[in-house]
Amino acid sequence: MNSVGLKGLGAFFLLLGSIPLLLQNELLYVYVFLYLIYASAGTMWNLLAGYSGLLSLCPSAFIGIGGYTLIVGTWMGIPWPFGLALGGALAGLFAALISVPVFRLRGAYFTIGTFVVPEILKFVFLSWRPVGTTVYGRGAGYPIQGVEHIPAWVLHLLAVAVAFFCVTLVRRLTDSRFGYALHAIKDQEGAAERCGIDVFKVKFLAFLLSASLTGVAGALFYLNQRYIEPMSAFGMQWLVAIMLSVIIGGRGTIEGPLLGAGVYVLLYFLLAQYGELSLILQGLMLIGLALGAPHGIMGIIRSVLYKDRVVLDPKV
Amino acid sequence: MKDMLWELMNPLVMGILLGGLYATIALGLSLTFGVAREINLAHGDLVVLGSYFVFWMTSRFGWDPLLCLSFGVPLAFFLGYALQRYLLNYSMRLSEDTVLVVTFGIAVILQNLMQIKWGPLSRNLTQDYLLRTLDLGALYIPLNYLLDFVAAVLVMVALHAFLKKTFTGKAIRASAQDVTAARLMGIDVQGMYSITFGISCALCMIAGTFLGMTFPFTPFTGPTLLIIAFGIVVLGGMGSIAGTLIGGMAFGVVQTLSGYFLGLTAQMLVAFAMVLVVLSLMPRGLFGR
Amino acid sequence: MLEVADLEVTYGGLRALQGVSLQVFPGEILAIVGSNGAGKSTLLCAISGIVRPNKGKVVFKGKEITHMPVHMRVDLGIVHVPEGRRVFPEMTVLENLMVAAYNPRARSRWRSSLEFVLELFPVLARKKDQLAKTLSGGEQQMLAIGRGFMQQPELMLIDELSLGLAPLVVRELYTVLKVIKAQGVSMVLVEQNVRKSLLESDRAYVLKGGQVTLCGASRELVEHPSIKKAYFGIG
C-alpha cells in the first residue's frame, strides 16, 4: 500500500536536489549526500527485508564491490562514470552467483548465509591486492587514482538521480504483480509456490536489482570519499547504518527508508563525537527498535492515522 | 605414494584435534538451535568475550587460564540465563526476525565494547607450557591442540550426561521435541530455554578460553567463528552432540589439509566456502532431526 | 472439584466454545461427547491451559486457574493426555515416563509411580529402552496414559483415547482407566466413540457447535432419543 504518489516523490526529490545547489553550503552537501546514499541503499535493502521477508545481512558486500570496482577501475584507467555503472553491474553479477547457494536457504539459514558473504569478501580483500601497492591500511586499501576533484554539485545531482531511481523503481515494483508475488512469498512461501509463482525467479530478480543498485550507491559513495579499504567497505558499519535507516523509518514502506535515513544521518553526526561508543549506541538502538517499535516511524504514523482499520504486518 | 600419505598424517591429525576446538565453539550454538530453534548472531562474539574475560583475569590476577574457568563458567551461565530470560524469550515471542535483529545488535555492541576496552590489536592466552610439541615420530602434535581436543571430549561427555541423566536435561530434550507436550508435562519451557542459553554461554566461555590458548584473537574474530560454528552445526545436525564433534572434525581436517596444499590464506577461504556448500546442500544436517 | 463457568474461546475469529459450563465431581469419570469440531478438544485445552478463554472462569478445587500457565496447573494436579498421544519421539519409553515426573510434587514419588505404571503396562516395561517413535499406536497411547499417571494427577483429561486403535486395545485401555480411577483420580474423557464413552463413564456432557446441549448420568443419556438419533443412527 503506497500512500505517497509519484508527484509527491518527485516534488520531494526536486526540493532535495535544488536546495543545496541554491544554498551552496558545504556542510549541507555532506549531509544530503550521505542521506541520499543511505536512502538508496536502504530502499533497496527494504525491497528484500521489508517487502519480501528476506532479512539479508549482505548489503555491505554490494557496497564494497561497487566501491572497489570504481576505485580499482580508476587505477586501471576506467573513467569514473563508467566505473559507477560497472560497479552496479558487477555487484549484480556477484549477487547472481551467490543466489544459487543462498536461495536454497530459508529464514534464519538465509540470514546466516548472507552474513557469510561480506565476511568472505572482507577476508579476500584483506589478503589480496588487485593492483598497485598498499597505501592505506591492510590489504587492498586504495586511494582513487587519476581523478581530479569532482565538484560537489555533480556528485550531489548524481546521488539525487540514483536515490530517485531507486525509490521510484521499488515503488513501481511493489505496486505491480511482481510486488504481490513478493508479498505472497513473504507471507507463505510454500503456498505461493503452489499458486504458480516461480519463487526462485522472483526472489532472484529482487536480489539482483537490490544488489546492483546498492552497488551503484556504494560506488558513488567511494567516488566521493576517494579512498577505500576492506574493513570498512565490507564491515558491519554499513549493515548497521542501512538496517537502522530502514527500521527507524519503517520496513515495508516506501517512505520508511526516506524518513529513517534522514533520522539516521542526524544521529550519525550527533553520535560521531562519541567515537567508538557511537556503534554501541547504534546497536542499542537496533535492539530497542526491534523490541519497542518494530514498524518504525511509519508504523507509528499509520497506527495513529488509521487506528482500527489497519492491522500492521506482524511478520515485520 | 606411501610417503605422501605419511606426510599427510600430520595435517590430518592436527585437523582432527583442531576439530575438537571447533566443535566446542559450535556446541553452544547447536544447543540453542536444537532446543529453541534460535539463531544467536552474537554467538561468535560471546566466545571472543570469553577469551577476553580470561585474558583480563590472567593479566589482572596472573591466574592460569584454566583456573579462570572456575569463575568464568558460572558467571557466563548466569549472564546467559538472564539474557534469555529477560530479553531473548520476549524477542522470540515477537518474531524470528526480531531475534536475529536483536542478537545482531548485541553482536555489534559486544564487538565495540571489546574494542574500546582492549583495543583492536590481537591478543592471546598462550602459556609457555602449551607451546610444547609432542614428538611421536612422524607426528608433531602441538600440546595445545591436544588439550583442546581432550577438553572438547570432556565437555561433550559432561553435556551428554547432563542431558541424558538429569531431570532437567530430560526436560530440555522434551522441550526441543514437542513444546506443547512438554508444557503438559509440567515443564516451564521458557525456563528451559533460559537454562539452555545459560549453558550455551558457559560453553562459549570454555570455548573462548581454549581458543585464546591456541590462536590469537581480536574483537572482530566473532563473525568468523559464528560462520564456521553454523557450518558445523548444519553439517553435524542441530542438537546432536556427536554430530557437532564430527562436523567440527570435518571442518578441521578440510582446513588443515587445504592449508597444507594451498597455503595459509586459502585455509580460511576454503572454510568459508565449505560453510556455503554445507548450507546449500543440506539444511537439515546429517545427524539431526 | 473442577468447575467451568460460562467459557468462551475464540480461535482467530471462530468461536470454538460459547457459554460452556460444567462440573466435575471428585472420583468420577466424566465424558464429553460430540461430533468433530464441536469444541471438545478446545474445552480440554482450556482446562489444562493450552488455550486461554476470552470469557469465563475455570476453577479447580476452589482456586481460579483461568489464566494460570500450563506447567503450574500440572503442579496442582491437572493432567492432560493430549490428542494424538504426543509422546517424545526421540526419547525412550523410560525417559518419557521419567520426564513426566518433572514437577516437584511428582518427582518426590517418581520411583513408586514408575513401578505402578510398569506393572500396569507390562508392554512398556518390556520396551522401556526403546525410542518412543518405534512404538505402535496402542503402545504409544499406553505410554501417554502412563506419563499422565507419573504426573500424580488428581484430575486427568484424556483426549481421544481410542482414535485409530483396535477395539481389543481400546478395551484394555479402559480397564486401565478403571484401575487409575480406583486410585482416586477423577477423569474427563473426550471420545469419538460415543457409545463406548457413555458406557464407561458416570456422567456426560454433550457438546454441539461449541455449546452444551445435554448433560446428565451416562446411563440415562445412552437411552436419550436425540443421542440415539444423532450418534447411533436409531430413531
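By letter and in written order, the chains are A, B and C; residue numbering begins at 1 in each of them.
Convention: a residue touches a chain if its C-beta (ideal position, glycine included) is under 8 Å from a C-beta of that chain, and two chains touch if they have at least 3 such contacts.
Everything numeric in this text was worked out from a predicted model, so none of it was measured.
Tell me, which chains sit next to both chain B and chain C?
none
From the centre of chain C, which chain's CA centre is farthest?
Comparing chain centres, A lies farthest from chain C.
Quick check on this structure: which chain has its C-alpha centroid closest to the centroid of all protein C-alpha atoms?
When every chain is reduced to its C-alpha mean, the one closest to the whole-protein mean is B.
Can you work out the whole-Å distance between the CA centroids of chain B and chain C?
For chain B versus chain C, the centre distance works out to 43 Å.
Suppose each chain is reduced to the average of its Cα coordinates; what separation in Å results between chain A and chain B?
So the centre of chain A lies 32 Å away from the centre of chain B.
Could you give the separation in Å between the centres of chain A and chain C, each centre being the mean of its C-alpha atoms?
Using C-alpha averages as centres, the distance is 55 Å.
Under the touch definition given earlier, write down the residues of chain C that touch chain B in their complex.
Against chain B, the touching part of chain C is residues 48-50, 69-71, 74-75, 79-80, 82, 86-91, 95, 98-103, 106-107, 147, 151.
Taking the complex as given, what residues does chain B use to touch chain C?
For this pair, the touching residues of chain B are 167, 170-171, 173-174, 177-178, 180-189, 289.
For chain B, which residues are in contact with chain A within the complex?
Contact set of chain B toward chain A: 39, 41, 87, 90-91, 94-98, 100-102, 104-109, 111-113, 115-116, 223-224, 226-227, 230, 234, 265, 268-269, 272-273, 275-277, 279-280, 283.
Give the list of chain A residues in touch with chain B in this complex.
Chain A residues touching chain B: 55, 57, 98, 100-102, 104-109, 111-113, 115-116, 119-120, 123-124, 127, 236, 240, 243, 247, 276-277, 279-280, 282-287, 290-291, 294, 314-316.
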